[in-house]
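Here's the structure we're looking at; comments come further down.
Chains here go by letter, A, B, C, D and E, matching the order in which they are written, and residues are numbered from 1 within each.
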Amino acid sequence: MVQIENLGRILEEHPFAQGLDPQLKELMVGCAANERFDAGQYLFREGQDAKKFYLIRSGSVAVEIYSAGRPPIVVESLHDGDVLGWSWLMPPNKWTFDARAVTLTRALSFDATCLTRKMESDHALGYEVLRRFVPVMAHRLHAARMQMLDLYGPAKKGK
Amino acid sequence: MSAMPGEKAVIDRERLNDLISILNRQGYTVIGPTMGEGAILYDVVTGIGDLPAGWGDEEEGGRYRPVRRSDQALFGYSKPAQGLKGHLHPARQRLFAAERAGNGFRVLKDEGKAPRYAFLGARACELAAMRVQDKVFDNGAYRDPHYFAKRDDAFIALVTCAQAGGTCFCASMNSGPDATEGFDLKLAELGSTFLIEAGSERGAAILAQLSPRPATDADRQAGVAQIAKARQQSRSMVEGVGPMMAARLEHPHWDEVAKRCMTCGNCTMVCPTCFCTTVEDVTDLAGNNAERWRKWDSCFSVDYSYIHGGAVRSQGAARYRQWITHKLSHWVSQFGVSGCVGCGRCITWCPVGIDITAEAKALGG
Amino acid sequence: MSATANRIIKVDALARVEGEGSLYVKVKGDEIKEVKFGIFEPPRFFEAFLVGRSYAEVPDITARICGICPIAYEMGAIQAMENAFGITVPQPIRALRRLIYCGEWIESHALHVYMLHAPDFLGLPDAIQLAKANRPLVEKALRLKKIGNDILEVIGGGRAIHPVNMRVGGFYRTPRKKEVQALIPDLEWAIEASLETIQVVGGFSFPALEQDYTFVALRHENEYAIHEGRLISNRGMNIGLEQFLDHFDEEHVKHSNALHGFMKEGKAPYKTGPLARYNLNYDKLSERARQAAKAVGLGAKVTNPFKSIVVRAVEILQVCEDALAICRSYQEPSEPYGAVPVKAGVGYGCTEAPRGICFHRYEIEADGSVKTARIMPPTAQNQKIIESDLWKVVAANLNLPDEDLKWRCEQAIRNYDPCISCATHFLKLTIERD
Amino acid sequence: MGALPMDPMQPRPFRIEKVRKELADTFTLELVPEEGGEFRFAAGQFNMLYVMGVGEVPISISGDPGDGARLIHTTRAVGAVTAAMGNLKVGEALGVRGPYGNPWPVEAAYGSDLVIMAGGVGLAPLRPAIYQALANRERFGKLVILYGARSPSEILYPKELEKWRGRFDTEVQVTVDRAAEHWSGNVGVVTKLVKRASFDPLHTVAFVCGPEIMMRYGVQTLTGAGIDPSNIFVSMERNMKCGVGFCGHCQWGTNFVCKDGPVFPFDQIADIFSIREL
Amino acid sequence: MARTRPRLGVFKFSSCDGCQLSLLDCELELLAVTEAVEIAYFLEATRKDMKGPFDITLVEGSVTTPHEAELIHKVRKSTGTLITIGACATSGGIQALKNFKDVKDFIDKVYAHPEYIETLATATPIADHVTVDFELRGCPINKHQLLEVINATLNGRKPVVPKHSECIECKSRGTVCVMVAKGEACLGPVTQAGCGGLCPASHRGCFGCFGPMETPNTAALSERLKALGSAPRDIHRLFQTFNANAPAFRQQAESLEDRV
């Protein structure tokens, strides 16, 4: 299948798949799809069911929080080589942010239902996928904390 | 007789009056030990009568008492309460004055003339301390004119110690009780006479006017014995303290000391090498004239390490660590000498008696 | 305004007095219904704080009753303790005590004469306006005041307000001869400045008011009494301090946070302060002081309270002379203080604060702690007589418009240099014309 | 004796030629010495700036080391002195002592890639290094500028960043901590930019300046990317009263930040960098 | 540049008047002060009663009556920079001793008609009631520090009012430590500098007029005073006098209470 071959190559090129056993890669490709988002198009919105995750191939995506009465606040921007979305991994499997393509974005998406099933039956795959998500999550947590510190603002007067 | 540098001679104690007069005639203000209010203090002396004849001192951690001696020795104490730092590096010193001029301002020339000091009775540890501060105020790149205006011309009539004070540990710091250089005259009090030698040409010139007689072997031996006796000190600094401390910047003992340390800063104030200062801007109410003053500061104050937002060293433990590690360890890296000369004043004048030698030992153990 | 209109004259917050007071006058037609000189300075409970404290702490604590005349409190407390323990201090210590008290008098009197009271006579709101009119005069006044403070600082341990150096038995540290001698040139100048002050204030015009006062003041055989003596009056009273409470008492009235003092005999008001001292101790004034007083028309008797400003000026001269003499003869005492043989007992202290007598009585326990404390500040003692003066002033000036009458009343109160902070344990002027 | 040596504690009056508001609380002053002449400095050095009667503060120089005609300082008003400085107008004077301190070793980086990582107003002390690097662009491999700010409106020198980005030979990446949706640039911490930047870690020199925490994580990320700690330089901030090693305030371990720093090679301070309250 | 004269208000709460007297005690500088600022309200000095708003207000005294508790809010509203002066205004002062006792009992001790007296159960610092811009310590304040605060405020700089220990002042003026050289009980090592080191220079221990210094180690001092022979009751009293209500002193006194 030409398409699967293509997807395989695409996955191969993405940092996420570095060092992944070819057999497991093949299992993943079975759940993958190639997607394209125009600038301004939403990949998903907060509160929707999280049925996928994305490996961004090119472009940039803004992760946003919306609050009534004010413009959405961008909390992080993702680019080529980044992984978007981990809400699919755990209940309640709902997106907690909006994801908006800032520029034309191409991504490889993975069907959560498909991949979850495979991960459960093939623990080696399960382990490898999770092992790749943990640093992504840790990095995101760390970055969130750093942003929370408001480092560059004028120092608050100590009491 | 004409005295050559290094050659030992003997003078009668009354000759000190001549020494003081000669120095006064040469334009020096003579600073020497006096019996002050509650302790022996450096002050202006005009004659031998101002010296603390018959006074000694008892010192231990957090305790000082002036005590009567059985004899009338003029230098029979270990060291005055505060050293000579205040004379060369005053607690308050004006750096400059400025006045508004048009849209801007003009820095005014300081017309004040620095005092010319002669230090009579300076101890070896105090001379060592001056030599340490010399390195601070002339650090290669910059030389502080305010300090050296007084220091460059200072005449030093050292008096070696006849006995060690209760908190002295100069022997282990190699900064006393004797000195081999840096003085103009060196004296040792032997009963009613002084063993004396010149360390500079101007010292020798003055010595020649003091009717010295050549020292006998007995005089020299008495001098050697006296130094040997003063070397017997109950405290000593632990060996290799510099690298040891540098390796223990994070150690539970800092918190132990912090329980006792009041961060009052007394140790830094009495330390003859502590040089830290802050600045103070003074203005008239209309804002047309301003002055900038430098005044002693202490690494024990919170403001000392203040950067916008807060102080780097908010904890007492961190402030104590800064002081002692700087003194005993980092100083060596910075200036090639230890910042501690073993005078023991920080021990004596710590209100709670924290002992730098004991804390260094505890930290090393 | 009709003759029967109600008139209420109120001064909610009296100015140029120390502390917070008020005045309330109610007039119906030509009849004065009520005069209340009130002290709304909040109560501060000193007598209660003192219970259980060590005798040694009492001088420092009582100093905080008043920032204007802390010496009066410190010295009264010290002498009361010494009275309880049977201590007599040696002459050099006594001289230093008089010297520091002279300092407080110079400072307080110069402040009152020039900064607080003189503007009344010149129709100015304050000394700042006076400085605009006559800057050299105000500069002189400030220098005079400063000389008082300098004495307080040299003898009192470095500060004029709440000095730290006085203690039971003497001083913590007695000043060096050169420190005291340094005061001499300024005091020599101060004598000339006080002579000039007498001339300046002696030339003011004084509202007519003569009162038949009962004067009470300290009396000392050898000197113009300040810090020691027996208590005497112009009605024949002559008592020791221990008899004070037999003759004097104080009561609590609703309109004031200060207790009002009175003489038990006849429950009569009495007057303490400069006028009382002058009238009772005229013979003890220096020749120069008497001559200077005479030159501005003051004889041995002064009963117009508005002339208290001149008497204060005469007193400044007196204490400048006294202070100068002490400084000239000063020898460093051998010991700054003597032994304090603590024992249970009762002690009395009374001194002439710049504004009048300040009485102390303490009961001390065997361990030196205070069992009971009683302090009667001068302003509390003068409260009744101030009200009496005000009746007369209002009655004599009913034709004045409210604003002028109000000012005249304030001036009458300022005759007493009331120190309201101390009296609490003291003023709004409200004049109600009914 | 000849003329007295110059008193290092005495400021020289400089006249303000231009005041430019950079951000809400940040401004740039252009100064010329009243006595005339040039002001020479090396990138990364600082001056002690004195506002008459108010006080003195250490402020890094943010102009072009190649241009001695004007002394340029960019300052954020955070205290009484910097606030007073912000109120000064063209024609008024400021006292200057300096330049002091160790500079960015721009020349030592010739032949290597140069990564410049700045956070907030930390870009100001790095700007002279950027000017110098651009003036000698041919001597470097890649030139990467990574900059993080709190929000798009708080980006310092935005026009210059844009200009540099427009050069074909310089990679400029800017990120902000938070932004509204119209911001099409990066959002996230500055360290995130390292991963995407192109440089050869084995032949790269990095200059880092910003808040201390940012520098800590910045260095971590750069070493993680393979740059040797001895090739990473940071600019430290400590309390300073004199700038010449007399007052003691800026001591940090064995260092006087004023004369041993403010620019340090990271390997020299690695062992004390994370010790608290040192 | 000519500056506009800021308007100064001076207000008094429960106190001895000493701190505002400090302003009049700036004899040599007083006229300069009145030229630099317009004294718009200062009862002790002028009967001119000008209304607010004020640019700078000095507040002396603590809040001890219901009336004062209301008044301070009015003062705060009418002023730009509010500076509290003295131990009363910054920690409650000597009258805060009532915070530790039954006030009713106190009123009964001093006044014949307690029903006439209106007072709160506590004496509290101004900062407990309203936002304060600068606190100047001391019982009384040091007039030089007062001038410095006024001067710094006029010149837009940070006042030089150090928060370190009294010891640093003592040593800077060359005073011999009374605790070390005489065994006197002294609060200097935990007390904020500012007075100029008066008591030790008069050969007596500091009794804490300027309140606790930054980071005071009162426990270590208590231990030392005990070792020097002070009874816990004496140490208790030392902490509980002129700045009894300042947190560090209050807590140290409380920790000694079971041994008093």
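By definition in this document, contacts are C-beta pairs under 8 Å (C-beta built on N, C-alpha and C of every residue); 3 or more make two chains touch, one makes a residue touch a chain.
Values in this document were obtained by computation on a predicted structure and should not be read as measured data.
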| item | value |
| --- | --- |
| Set of chains adjacent to chain D and to chain E | B |
| Contact pairs, highest-scoring chain pair | C-E |
| Innermost chain, where centres are averages of C-alpha coordinates | E |
| From chain A, the most remote chain by mean C-alpha position | C |
| Computed distance of Cα centres, chain D from chain C, in Å | 65 |
| Distance from the mean Cα position of chain D to that of chain B, given in whole angstrom | 40 |
| Centre distance in Å when chain A and chain C are each reduced to the mean of their C-alpha atoms | 85 |
| Centroid distance [mean C-alpha coordinates] between chain E and chain A, Å | 61 |
| Where chain A touches two or more other chains at once, by residue number | 154-155 |
| Chain B: positions in contact with at least two other chains | 37, 281, 283, 287, 308-309, 314 |
| Residue list for chain C, restricted to those that touch at least two other chains | 173 |
| Residues on chain E engaged by chain D in the complex (per definition of touch) | 155-158 |
| Parts of chain E lying in touch with chain C, wherever the complex brings them together | 12-22, 24-25, 27-28, 30-31, 34, 39, 43-49, 64-65, 67-68, 93-95, 97-98, 101, 103, 105-107, 109-113, 116-117, 119, 139-140, 142, 195-196, 198-199, 201-204, 207, 209, 234, 237, 241-242 |
| Complex interface listing, chain B residues touching chain D | 95-96, 98, 100, 103-107, 136-137, 139, 141-146, 246, 249-250, 275-279, 281, 283, 287, 290, 292, 294, 297, 299, 304-309, 312-315, 317-318, 321-322, 326, 329-330, 333-334 |
| List of chain A residues in touch with chain D within their complex | 60, 62-64, 71-77, 79-81, 100, 102-103, 143, 146-147, 149-155 |
| Chain D to chain A touching residues, read off their complex | 25, 76, 78, 119-122, 148-150, 154, 175, 177-189, 191-192, 195-196, 210-211, 213-214, 217 |
